[in-house]
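As written, the chain order gives the labels A, B, C and D, with residue 1 at the start of each chain.
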Amino acid sequence: MDSALATLLATKLGERLLLPVRQRFDETEIRVSIAHATETLRILHDDPILEFEMLIDLCGVDTGEEMQVVYHLSSSRSSDWLRLIVPGLERNAPRIASATSIWPGAEWMEREAYDMFGIIFEGNRDLRRIYMPDDYRSFPLRKDFYLADDASRSPAAGVRNMERAGTPQDATPATALRRTTGA
Amino acid sequence: MPQQTRPSLDDPRISIPAGSEWYEPAPTPQTERQAEFLTLKDGEMFVNMGPQHPSTHGVLRVVIKIDGEKVVDLDPVLGYLHRGVEKLCENADYHQAICYTDPLEYVSSLFCEAAPVAAFEKLMEVDVPRRAQYIRVLTMELNRIASHTLFQGWMALDLGGLTPILWSFIERDEIVDMLAALTGQKLLYNYYRIGGVNGDLNHEFMSRLGTWMSRAAAQIDSNLGLINENELFVRRTRGLGVLDAKTALRMGVTGPNLRSTGVPYDLRRDRPYLVYPELEFDIPTRTEGDSLARYLVRIDEIKQSIRIIDQVLHEMPDGPVMAKLPRLIRPRPGRAFGAVEGPRGVYGTYAISDGTDQPFRMRIHDPSFVHLQLVGPLTRGNLIADTMAVMASLDPVMGGVDK
Amino acid sequence: MSGAALVWARLTPAGRILAVLLPVLAVGGALTTALLIVFGGAIAATIGANLPIVRFLAASVITFLITVPTAFLLIYMEMKIIALMNLRIGPDRIGPAGAVMSIVHGLKVLMKEDYTPPSVDVPVFTLAPVVVYLASFMTVMVIPFAPELTSVGLELGLLYFFAIGGLGVVGLMMAGWSSFNKYSLLGGIRAAAQAISYEIPLTLSVVGIVILTGTLSLPKIVAAQSGSLLDWFIFRQPLAAIIFFIAITAEANRTPFDNTEADQEIVAGFATEYSGMRFGFFFFAEYVNVFIVSALFSAVFLGGSNAPLVLPFHPEIIINLGSLGIMLPILAGIAPVIGTLVCAAPIWFASSRIKTWQALVAGFLIFGGLSTAAIGFWAWAMIPALGNLIWFLIKTFSLVFVFVWMRGTLPRARIDQLMGFAWKWLLPASLLNIFATALAVLLTTSGGN
Amino acid sequence: MARIPGSGLVRGMALTLTRFFQPKRTVMYPEVKPDIPPRNRGRLELVTDEHGALKCETCFQCAQACPIECIDMGGTDTKGRFAVHWGPAEQYAERREESALRRSGRTVSDAAAAQGSSIDITAVDATLEQFDYDPHAMLGILEGIQAAYGYLPVDALKRVSRATGAWYAMVYGTATFYRHLRFEPGRTRSIAICRCAPCLAAGTGRVAGTLTAEFNTELGRAIPWSNLRLETLPGHLAEAPSPLVVIDGEQQRDLNARNVETWTAALAGRYAA
C-alpha cells in the first residue's frame, strides 16, 4: 500500500469523504455519499495526478440494511486498487447516478447490478434485465432471496419466502424506461 | 413499423400471420436503447444468431440488424448459461466457493480459482509458501498457453479454416493431460487451496512437462505457419474492428485486447502478485488494435509464457506447498479484492466477510463479460462475416460471461 | 390349417423369399421371352429406326447412375484426406479403412425425417434440390472421358457446360427464397451473386483456347492437345488456366469460396431448412460439381484423355482364345494352382522359418498381382479407350485431391473480397489473355502467308 | 509480409501436405482407454474385504468432513425401495449391513448372526468356554479354534465376536496380525519362483506374470480364497537348471525354456480348482 495515495486522495476529495481513507494490503478504500458519487468518479478519472482511468469492476452489495455500489478503480500511477464505496441506498428504491457517462463500459455491469439488486442507475440508456428473463420479478442477490437448498437447510424460512423476495417499488423496467427517457 | 418501400422479412405483410402457432409478437422495448434497436429502417431485418450457432463460443444469442450483408446494429442477449454462481458462493463456505468458481471459464479454470483464492488469502492474512507460489505460476502459465493455443484454433475456425482447431487441440490436450496428472482432473482442476495448492508436483507431471517443453515452442510455431501469413486470413482481419487505446480504457477492456491497442497494462507487472516480480518476461503489445493485432498479441504471449515456465522450473524452491490454516476458514470481518491476469484479462473477486464461515458477498468479475460489449461497436457497419472475426478475436467464453 | 400354410410356416425367411421370387421370375421370364419372340423384330426395327434417341436415353441413364457412386467416392475422399491432414485417422470403422462410411452416410440421409417447415413455399421448396441435382448431372453428359466414351459429343459442349452449370444457381436461389429463413435467403443471394460474378471470367478465360482450337466441342479440344506434354493448354495458356481454376473453385462453392454455405456465418446457407434426402440432393450435387469441374479442367487444360508421354510403340497382342479349344477351361482351372505353387516355391525354399501356409499365401498374392497386371496390360493393349479413361480419371482425381487439400488448408474469403477479386482482377486478366492470344494467332497466321 | 502474393497460401498448403504424411494422433478410444491419473478425485466406491463383506463402517464421517462436498455417500433406503442420495445415516440400508454393524461395534441382530453359521460351532464354544469368554485371551481362543478346525472359519470369528463381546474388527485384526493363523483350510501350497537373472531370461518372469494374473494376487502374498501362495525364491538353488520354479520345496524338472507357456497354463489349471 502506498500512503502517498491516501494523503493525495484526502487532499483532492476533502470533505466528500464520509470516512477517512482506509488502506489494507494493496487496497485503498474511500466512501462517498450518493450525491457526490458521480463528481468523485469524475475527479478520480480526469485528475491529471490521480488519473484512475480504468474501471476494473462495478458491483452492488446488499448489506441487509442498505444497498451499496462498489467501484474498483485502477491507475497507472499507483500500485493500489482504489475501492470507492457508495453506501446508503435505501433498499426499497435504490437509485444512483450512472457511471456510463465516464466509462461506457460500465453499462453492462450496471445492468447486472440492476438485474441482481434492483439498483436503478439514472442515465444508463439500456437498464434492463441482462441475465434473468424479462418477466422475472424478484432480484436474486438480495439477502431476502432464499435459495432452494438454503430453504431445505432452514425449514422455517425457505421456499415459502423464495418468491416474495423484496421488490422495491417502481424498480420495474417500465419505470427505468421512464427515468432514463425523462418521460 | 414504418411504411417501407423495400419490405424486409420482418414485415408483417409477408411474415408469419398472427393466427399461426409459430407467430411471435415483436418484443416491447423496455429502454431507450432497446426501442432504438427495435425500429427497422428501409430494408433492414433482424437475424437471430444463436443460442445454438456454430460460431458463438458457448450459448450466446446475438440479435443482428442487417441491411443486406451489412450489420447495422447488434444486441447480445445473455443469460442462457447463468448459474447464479455468486449466490451459490454466498451460501457455501469458503472452500466450496472456490469449487463453484472453478467452472466459470472452462477454458482457463485455474485463473477462476486463483482470483477468489487470492481474495480469501487476503482476508485470512495468510502467506502462501514460496513453493506453492511457484507451482501456481507454473500451472497458471501452462493454462494460459492452453487457452491461447485453443484461441488461435477458434479464430481460424470462425474464419472458415477446418484444420487449425484440431492441431491446437492436440497441443491443448498435452497440457491438459499434464495438469490432469498433477491435479487429478482434466478440465475443472480444483487445485488451488486457501494458503497453497492441493498437492505437490509429482513425477508424472514433471516428466510430461519436460517432454512437452522440449518441443512445445517449435510445434506451436509450425502450427501457426498455417494461417499467420495466409493472405486470406490477414486480409480478413487486418484493419477490422479497430479499437483505440482511449476507447479501450473507457470501455474497461483489459488483457490482450487492451495490450493490442498499445497500452502495456498487465497485472503481472502493475499489480505484482505471487512471484511474478522476480521473473523476467516481456509484455507483448501492438499498436494497431485490430483483430489481427489481438490475435498476434496472444501468439506472442504464448512465447512469453514458455519463457516464464522455463525460469520457474529452474528457480523452483523446496518446502511445503500448504500454509498452516484451520480446517474451517473463518476470516475476520473485512473486504478484499483479489485479481489475477488471465488469458482474457483481469479476473477479479471482491469478497466481503462477516466473520462467519461463508462469504457474505462474493462478486466475480470476468473480463469476457466486459469484452462482449465491444462486439456491437466494433462490428457496426461491417459485414456479417466480420461479426464472427471480431467476436473470435475478442475471445469471450460464455461460461464466464454468464456466471 | 391347410398344407400350404403348414409348408409356409416351416420355411425359413430365405426360403420364403425364394418361394415368392422363383415363380415370379419364371412367369416374368416366360412372358418376356414370349413378347420378344412375338414383337422382337418390331422392337429391333424401332430401336434401329431412331438410334439417336435410344442412345441419348441410355447415355442419360448411365450418367445418372454414375453420379451417385462418384459422389460417394468424393465424400469419402474428403472425409479421409481432411482427417489425415488434421492428424486424425478419420473414418476407419465401416469397411476397409472406412471406405463404406459415405454410403452409410447416404443411407442415413435416406432414413432421416423429411421435414417441411411451416410457411415455406412448398412446390418451390420441393423442386429446388431436384433442379440443383439435375443441373449438376446433366453436365456430366458432355464430359469426354475418352474419345469413344463421350455420352453426347455436342458441338457446343463448352457452351452447354457453362449454361447448364449456371442453371444450378437457380436451384440455390429457389431453395434460399422458398424456405422462409433469413439464413437461407442470405445463402441463396450469395450463391447468385457469386455465380454471376464468376461465370464471366470462367467463360472468358477459355475464349483463348477457343481461338486456338476454333471449336467449342470438348472432344475436339481434347484432340487438339494430343501429342506431347507441351501441347497441353496449361502450358500454352497458363494465365487462362489460373483464372479458370479460381473460377471453377468459386463455381463449385469450394473453400475458400464457400460463402454460400459458410456455416460459421449463415448456419447452412440455402440448405438450412432442408433435411432428409432433400438435403442429400444438395449434398450430392456439391460433390458431383467438384468432380465435374475437375473433369472439365483436366479436359480443357490437362489434355483430357491424352497420355502425357506418347509411347513410340503401341503393342499389338493377338490372342485368339477360341483357338485354344478345350484347353481353355483346363488352363483356366489349373493355371492359378500352378502359378501359385511356382511363385510360392522360392519363398518356401528361401528360409526355414517361413511356414508352408505363409509361403502359399504369399505365392498366391504374387501370382494374383502378376496375372492382374498381365490382364490389365492386355486390356490396355486391346482396348485403347481404357488407357485414355485411366489417364483422364487420374488427372481428374488429382484435381479433386487439390480441391480437398485446399479445403483442409485455407480459411474462407469474405464475400466482398470475393466479388472484388472477380471483378477487379480476374476479369481484366482474362480479357488481357484473350487479346494476347488473338494477337499471337494473328501474327503467326499473317507470318504464315 | 510484403512478399509474392500467395506465398502464404503456398506455405500453408505445403504444411498441410507434410502433416498429411505424418503419424496420426488419434486415440482409438474404445480399444485404448486413457489411464486415470493417480490423483483423480472421481467417484468413490465402498471396498469389500475378501469375504465379500463391506469394509466400510458407513459412519458417514468422511462425507461430513470433506471440505468441498466431494465425498457424497448414497445408497438404498432401509426398506430397499428408493436410492437415497443425501440424508441422515440411519436411513441407509448399507448401514444395517452385517459387517458394517460389526466393524463399527454396533450390536448385530441375531438373524444377521444366525444366518451365517454354516459350520457346527460346538468346538468354538468349547474353546470359548475353556478361555472363559475372555476377549483379552483372543490369541489363545483363535489358536484353539484353528487347532480344532485347521483354520479360522468366518462364522467362528463371528461367533467369537458375539460371545466375547469383542468387536469383529478386533477379532479379525488379531486373526490377520499373526502369521500362523489362517483363514483358509489345509496347508498352504507355496509356488516359489526364482527371479535371478538367468531364470528371468529363461522365462520365469512370464510364469510369475501369468500366475499373478491368473490368481489375481502378488508375489509373496497369500491368496485367501485358495490355499496357494506365490513367493519369490530367495536365491537360486545350487546346480539347479534355469528356469527354476519350486513347488512345496521340490523343484520342477519338466519346466524348460521352451514350454514355459504351456507348463504355466497347466499349473494354473491344476491349482485353479
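Criterion: a contact is a pair of C-beta atoms (placed from the backbone, for glycine too) under 8 Å apart; a residue touches a chain by one contact, two chains touch by 3 or more.
Owing to the predicted nature of the structure, the values given are computational and were not obtained by experimental measurement.
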Between A-B and B-D, the pair joined by more C-beta contacts: A-B
Central chain (by mean CA position): B
Distance from chain C to chain B - Cα centre to Cα centre, in angstrom: 47
Distance from the mean Cα position of chain B to that of chain A, given in whole angstrom: 24
Rounded Å distance, chain A centre to chain C centre (Cα mean): 67
Junction residues of chain B, two or more chains touched: 163, 167, 170, 226-227, 230, 232-233
Residues within chain C bordering two or more other chains: 85-88, 408-410
Residues of chain B that touch chain C when the two form their complex: 9, 16, 20, 22, 45-47, 53-55, 69, 156-163, 166-167, 170, 226-227, 230, 232-233, 235-236, 383-388
Chain B partner contacts - residues on chain A that touch it in the complex: 24-27, 29, 53-57, 59, 61-62, 70, 72, 74, 76, 79, 81, 83, 102-109, 112, 116, 125-134, 140-141, 145, 147, 149-150, 173-174, 176-177, 180-181
Touching residues on chain B, where the partner in the complex is chain A: 27, 29-34, 78-79, 82, 84, 86-88, 90-91, 122, 249-254, 265, 270-272, 334-337, 339, 346, 348, 350, 352, 361, 363, 365, 369-370, 372-373, 402-403
Complex contacts: residues of chain C adjacent to chain D: 81, 84-89, 405-406, 408-410
Of chain B, residues touching chain D in the complex: 93, 95-96, 98-99, 163, 167, 170, 177, 180-185, 190, 199, 202, 204, 222, 225-234, 327
